[in-house]
Amino acid sequence: MNPTIVYTVASLSSLGLIAAAILYVFAQKFKVYEDPRIDEVQDILPAANCGGCGYAGCRNFAEALVKADSFDGLNCPPGGSEVMEQAAAILGREAVAADPLIAVVRCGGTPDKRPLTSLYDGVSNCKIANSLYTGESDCGYGCLGLGDCVASCQFDAMHMDNESRMPVISDTNCVACGACVKACPRSIIEMRKKAKKDRKLFVSCVNRDKGAVAKKACSVACIGCSKCVKVCEYDAVKVENFLSYIDYTKCVFCRKCVTECPTNAIVEINFPPRKVRNQEAAKA
Amino acid sequence: MEYILIIIAAVFVNNIVLSQFLGICPFIGVSAKVETSVGMTGAVTFVMTIATVVTYLIQHYILNPFDIGYMQTISFILVIASLVQLVEIMLKKVSPPLYQALGIFLPLITTNCAVLGAAMLAVQFEYNLIQSIVFAIANSIGFGIALIIFAGLREHFDLLEVPAAMKGVPISFVAAGLLAMAFMGFAGIA
Amino acid sequence: MLKTFPLGGVHPPENKFSESAPTEELPVPAQVVIPISQHIGAPSDPVVKRGDIVKVGQLIAESKGFVSANIHSSVSGKVAKIDGVTDSSGYRQTAITIDAEGDEWLDSVDRSEQLTKEVKLSREDILSRCHEMGIVGLGGATFPSHVKLSVPPGKQCDTLIINGVECEPYLTSDHRLMLEKGEEMVVGISILMKALGVDKAMIGIENNKPDAIEHIKKISAAYKGISVHSLKIKYPQGAEKQLIKALLNREVPSGMLPIEVGAVVHNVGTAFAVYEAVQKNKPLIDRIVTVTGKSLANPGNYRVRIGTPVSALIDAAGGTPEDTGKIVNGGPMMGKALNKSDVPVVKGTSGIILFPASESRRVRVTPCIRCSKCITVCAMGLEPYLLMSLAERDMYDIVEANKVTDCMECGSCSYICPAGRPLLDYIRLGKSTVFSIIRERNSK
Amino acid sequence: MAKKESTLGNMLFALFVITFCASLALSMVYSLTKAPIAAAMMARTNNAIMEVIPDFDNVPSEEAYQVSIGGGDTLIFYPGRKDGELVGTAIESFTRNGFSGLIKVMVGVMPDGTIHDVMTISHAETPGLGDKIEKRKSDWTTDWFSGRDPRDFNLAIRQDGGEVDAITASTITSRAFSEAVMRAWDAYMNYKESN
Amino acid sequence: MSNLLNVSPSPHVHGKETTVNLMKGVLIALAPAFVVTVLFFGYAAIIITGVAVLSCVIFEYLIQRFILRRENSVNDLSAVVTGVLLAFCLPTNIPLWLVVLGSLVAIGMGKMTFGGLGCNPFNPALVGRVFLFLSFPVQLTSWPKPKGFLTGYLDANTGATPLGIIKENYGELPVSEIMAMDQMPGYTDMFMGRMAGSLGEIGALALLIGMLYMLWKKIITWHIPVSIIGTVIVIAGGLWLVNPSENADPLFHLLTGGLLLGAIFMATDYVTSPMSSRGMIIYGIGIGLLTMVIRRYSAYPEGVQFAILIMNSVTPLINMYIKPKRFGEEVNNG
Amino acid sequence: MNQLNNFTKGFIRENPVFILFLGLCPALGVTTTAINGIGMGFATTFVLIMSNIVISLIKNFIPANVRIPSFIVVIASFVTIVELTMAAFMPSLFDSLGLFIPLIVVNCLVLGRAEAFASKNNLITAVIDGLSMGLGFTLALGLLGGVRELFGDGSILGWKFIQGDGMLIFILSPGAFLALGYLIMLSNKVKK
């Protein structure tokens, strides 16, 4: 046999054996146990790292999922129940069905409803304006229209409407990550249950001033008159601090409160048209 | 003096990244943060130095005596790959944060042509053992300098309004081109 | 060589139009609105009800806790309501509205103009008198004075520094006070010295007020331990850390209070208020406010009752000029723009400036050219350009590492930036966010 | 997906089998390609020799000998003969002073000491500038070196007091190239004298 | 007028300094050097400067308008400064199309690629210049000899720059002999600008006047130019003292090549230099050091351009680790 | 359909050089001319396909801790085979690709695909992936080489159509970075 072949085979094979042996020793010595399921779970997560789950990123959430005994309170909003079920399958657990949510903007103070009382001349940043003063109108609760929420949305689900000077949320793109809720310094944006056909019904106002004051600043402000509370048969509406709030877990979309509201502060969106008057409100 | 020349040549004149085009992938991949690039530089220095020593021994005590020089590539890379695996196993235990940060780039050191390239160049230049070690360290420094300068530049770009299409890799390449241009100034030193 | 602080600083045009206008007494308004929170610290508790009849100087809201200040009625009359009113930022806060009837003072207040030099009260009594009379710092921060005068155990104060710098452009109220009430102020200083137990007080006055320097020098010659120092004109010399550096060449460490280096700083107006409180038993119910502006008919300085609407002040100075585009409460560098002029004067109101429309818009923002001028002017040695772009991108951990918490919001950086960048806007955002992050971290 | 566990046995086995197969396969290929590679290498040298000396009928590389030129360096001489008669010697020479380091040249010297022709074997000079020393890039080497006799034509560049026009903007390369040629020529003349 | 009040965060006043004013200041500071170059190189200097400025401005406008689609900012004059400085480091006998190409590279590759004013990591004018130098070494290394006013474009006869002459002869002749060569201008000529070289680098005196103007107007601070010049003097002086027959004296290194132009106008470019004064000094020392290494040991006679570009790349790191002196940081209350 | 998709992805959607940023060293190092780039591309393609085949076959027998060494040995064998064959039968191409042939071993593209794809998929899929990636790589290198040759020398595939010198810098190292940077930018724009 050709000596070159012998040398070659002998030297490389022994190198291979030595390498394998050394690697084995080190692998034993420096063994770190890492649950392989973490990787598997991470693989199925959407990798958006949006933080909607409440963890620092998809990997952290994967670790949390693997560690958790039950999936209670754990949810990946962008992935939705589909992803959660997959994760449950990997980990042999039961996914808790979470309601799909969607963000809504609870302010109806378009310029025609809410007179300008000053001109803001600072940087276009809601947080900065909010810490400076009430904003260009007298409502110290309403939307400042400078778009922090839009900038925070990674999913291209928001844009600033030029006419209303308020953010508009896309029913299709929003994955309910909640970034905008955190971004808004005035807590105007809320996560609500995503109803059939993207229907929404909520009090489009967060003003907690007394009725008269609120009304003076904005014509569609909630004045806390409690008419909606009285008309609701399902105990879904509450008024606190001169502000009405509709609990989406109880609301059945009967829409009686909408017509009752003297300032049109309650809006309904994506419902079939009913009466002329409501269409106007729905536009907001 | 001889060693100084080797160092200057490897770090500046024939910088392994900017003029030899070796190790570009980790150069682009790991240079996003200064901290990780420092870690990567450390890992590469370690691997490159040990690899050069081991490959030197293989070349001079196995390949040359048996006249099987054509086995250079395969035997060198086997050694390097095992070494990297070793570093990976150790790092996971010793410094999990660095392991996390270097992430998928650790295996890339294996495929970091810079490591193999330096080992093969050391053989090609017929360096002795000490020279090879100096050469390996100098090349790691050259790699590290390029990597860290770039990490600095990229962290800087993160704070600027870089055009969308240029963000990330393209701008790094253009900047690397301009830096390579500046490094041409060292031509002829050694 | 005139003394000054070494690092940074700017020199904006001074525009002290009201410099030579003697202080005028503004008539008692028909109604005053007195917010219950005019100071740093806990808001006070109202102790009167709607319909109560009050006298001038009567306590109407009591301080809640140590860091808080009493509030007194500045007029006599009937409490009309206790309710939310919009303050200078437009947000609503609780205030006591009083309809004025006549001008009936509490008997305990000594209203004579006579100078009382002798300090009879003991140290403890001075402190409790300051607390009782609602004295707060009038240099801008409205920090309750009795707190500052109570040197914490373990700390040692050796120098009282009196801040007569008035480095903000336009403002002249401290200047006028020094000229007109110099004697009283110096007595106030000796009271403060007694309260602090120090035998050295330094009055720092910028070189653009030579008459005040002369005047106070003459008066203080008769008092032991009180010296007057003229300072080079440079903003923000009035900031306490910078003033301490300029006068004592001591540097207050980052994140610490002046007492750390043995100094306490008080404004000249505070010294005067302390005089009135201690010697005359008069609560803090009025203050001097500069009303000025390029197009204003009679820029001047007015002694006004707390709670008077700003619009009344402006009317006294000749009314709002047609071209007014911005009204600022305070100095042009640190003051707050008002969105309407019917807000009340409070303890912290040092000036009202009316800017013509042509000067009321900000300059166009262009890209940062990294000229490093913002660094050069920052008296705290920060890197405003960097803090801004980091805060813009929510990178608060690096913002914190770069010492945003040291920023005193002097505005020099935004003032100087050739690219017109809103540096301080973002730095303020960064600073408040970092503070809330720190608070959260500490509470864990 | 039954992946093997990382036990010592498995690891040793797997890596052994792979290295064994790989080395076996490689050594086969090597045996097959050994001869053609050697031939290709030889052809490269022979081509260069053929370029720089006139027709010969021996195999110069078989008669090659080394001549040391001091400084520990040696040059390889390839004598070309026709009918046993020396027709020229091809000398593999080099310089380290190129713009980018090493330049290797083949210099053909006639028995009478004139240079028949020169050829660049390898270099790393700048494309478009220094690479004009390659025959296929420019005629510079032909113009200035072919058929010259260094005894009556100073083969240094003008800047150094010689008669060769340097390649535009490549003074360094040109100087180095002449140096390499002259090194071969000097070695040849020395060798001839001492033998 | 709207009777609504404006509301914005403080401060409510703004200084007079603007970007445009600063750029204007640099242009004024460059004027003396321009006069000198026109005196020695004739109207060719005017043509080249004009072409460079015009093409820089046009390229910036076009790229901003049609490729980046950003708000237009050509009127901030920074492109004009780039144009002038690019022209100032080219020889007068350069073909005009190369000037246009250099401007395209400077503005397109050096500046707009990164996002325009304020974003470029490398000095645009130098990017243009080095690109041309590496692409067209022949054209970029022939230097017209200075003649005088009314010299025609391209009709100058060429000679080597003082640094070129010295580089050619290092190791061959002792420096004293090189200095005595006919081609070599005397120190007075070097100081006034009568020597071969690129447009803007020849008049040391004029450049120094420009520096004083910028210092006076507070456009630049002393840190960068002084640390560069100081480092060069120290290193050149050291080499010279150790071996005067092989090394030129420090004054020679100071007056020749682009050192002053680079130290005063190019290294000081705000965008590409460090922000803190300590950082600026480190940066300046780096430039001085690299310049001398390249001048003395590399294949190229001149190194300022490379040195500045290399230090430009380190600027972000310097900014990251060298912070300004903070108030109340290291307290020393004596 | 799926396999077709798998095949076409390497050209644009997942182009190894422009999108995945793998195999960048040879992409920069050998592309002074289009021909060199294409030569390198084909050599790499061969190695890719062959190693994908072997690895997809042996993947289940390799314990995790020696996975990389094993894969790399497989790859290195094929590279050496290419090297030896090229040196024997194509000496001139071998000369110009020089140092970079052995470096195909460390071309992260090859190991990357082995790791990410071949070790998880079956034989057919792995072969098609190798072919797709290889051709995509060849395309990218040819393009890059073409651009550099065009600007640097005024010629395309060796055919000189602009007289005079080109912009030298495109043949030098900086030009490689610059050209690749701008090509990636263009591909970013195209992708969008």
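Every chain is named by a letter (A, B, C, D, E and F) in the order it is written, and numbering of its residues begins at 1.
In the analysis below, contacts are C-beta pairs under 8 Å (C-beta built on N, C-alpha and C of every residue); 3 or more make two chains touch, one makes a residue touch a chain.
Owing to the predicted nature of the structure, the values given are computational and were not obtained by experimental measurement.
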Common touching chains of chain F and chain E: A, B, D
If a chain touches chain A and chain D alike, it appears here: B, E, F
Between A-E and A-B, the pair with more C-beta contacts: A-B
Of all other chains, the one whose Cα centre sits farthest from chain A: D
Chain whose Cα centroid lies at the greatest distance from that of chain F: C
Averaged-CA centre spacing for the pair chain D and chain C, given as whole angstrom: 86
Centre-to-centre distance between chain F and chain D (centres being mean Cα positions), rounded to whole Å: 31
CA centroid of chain B to CA centroid of chain F, Å: 20
Inter-chain centre distance, chain A versus chain C - centres from mean C-alpha coordinates, in Å: 43
Multi-partner residues of chain F (at least 2 other chains): 65-66, 69, 73, 76-77, 80, 84, 165-166, 168-169, 172, 174, 178
Residues of chain C whose C-beta touches two or more other chains: 336-337, 339-340, 360-362, 367, 386, 422, 425, 428
For chain D, residues that touch 2 or more chains besides their own: 6, 11, 14-15, 18-19, 22-23, 26-27, 30, 99, 129, 172
Set of all touching chain pairs, with the criterion as stated earlier: A-B, A-C, A-D, A-E, A-F, B-C, B-D, B-E, B-F, C-E, D-E, D-F, E-F
Interface residues, chain C side, partner chain B - complex: 367, 386, 389-390, 393
Residues of chain E defined as touching chain A within the complex: 2, 4-9
List of chain E residues in touch with chain B within their complex: 68, 109-110, 112-115, 118-119, 121-122, 127, 130-131, 134, 290, 293-294, 297-300, 303, 305-307, 309-310, 312-317, 319-320
Complex contact set, residues of chain F against chain A: 65-66, 69, 73
Residues of chain F that touch chain E when the two form their complex: 165-170, 172, 174, 178
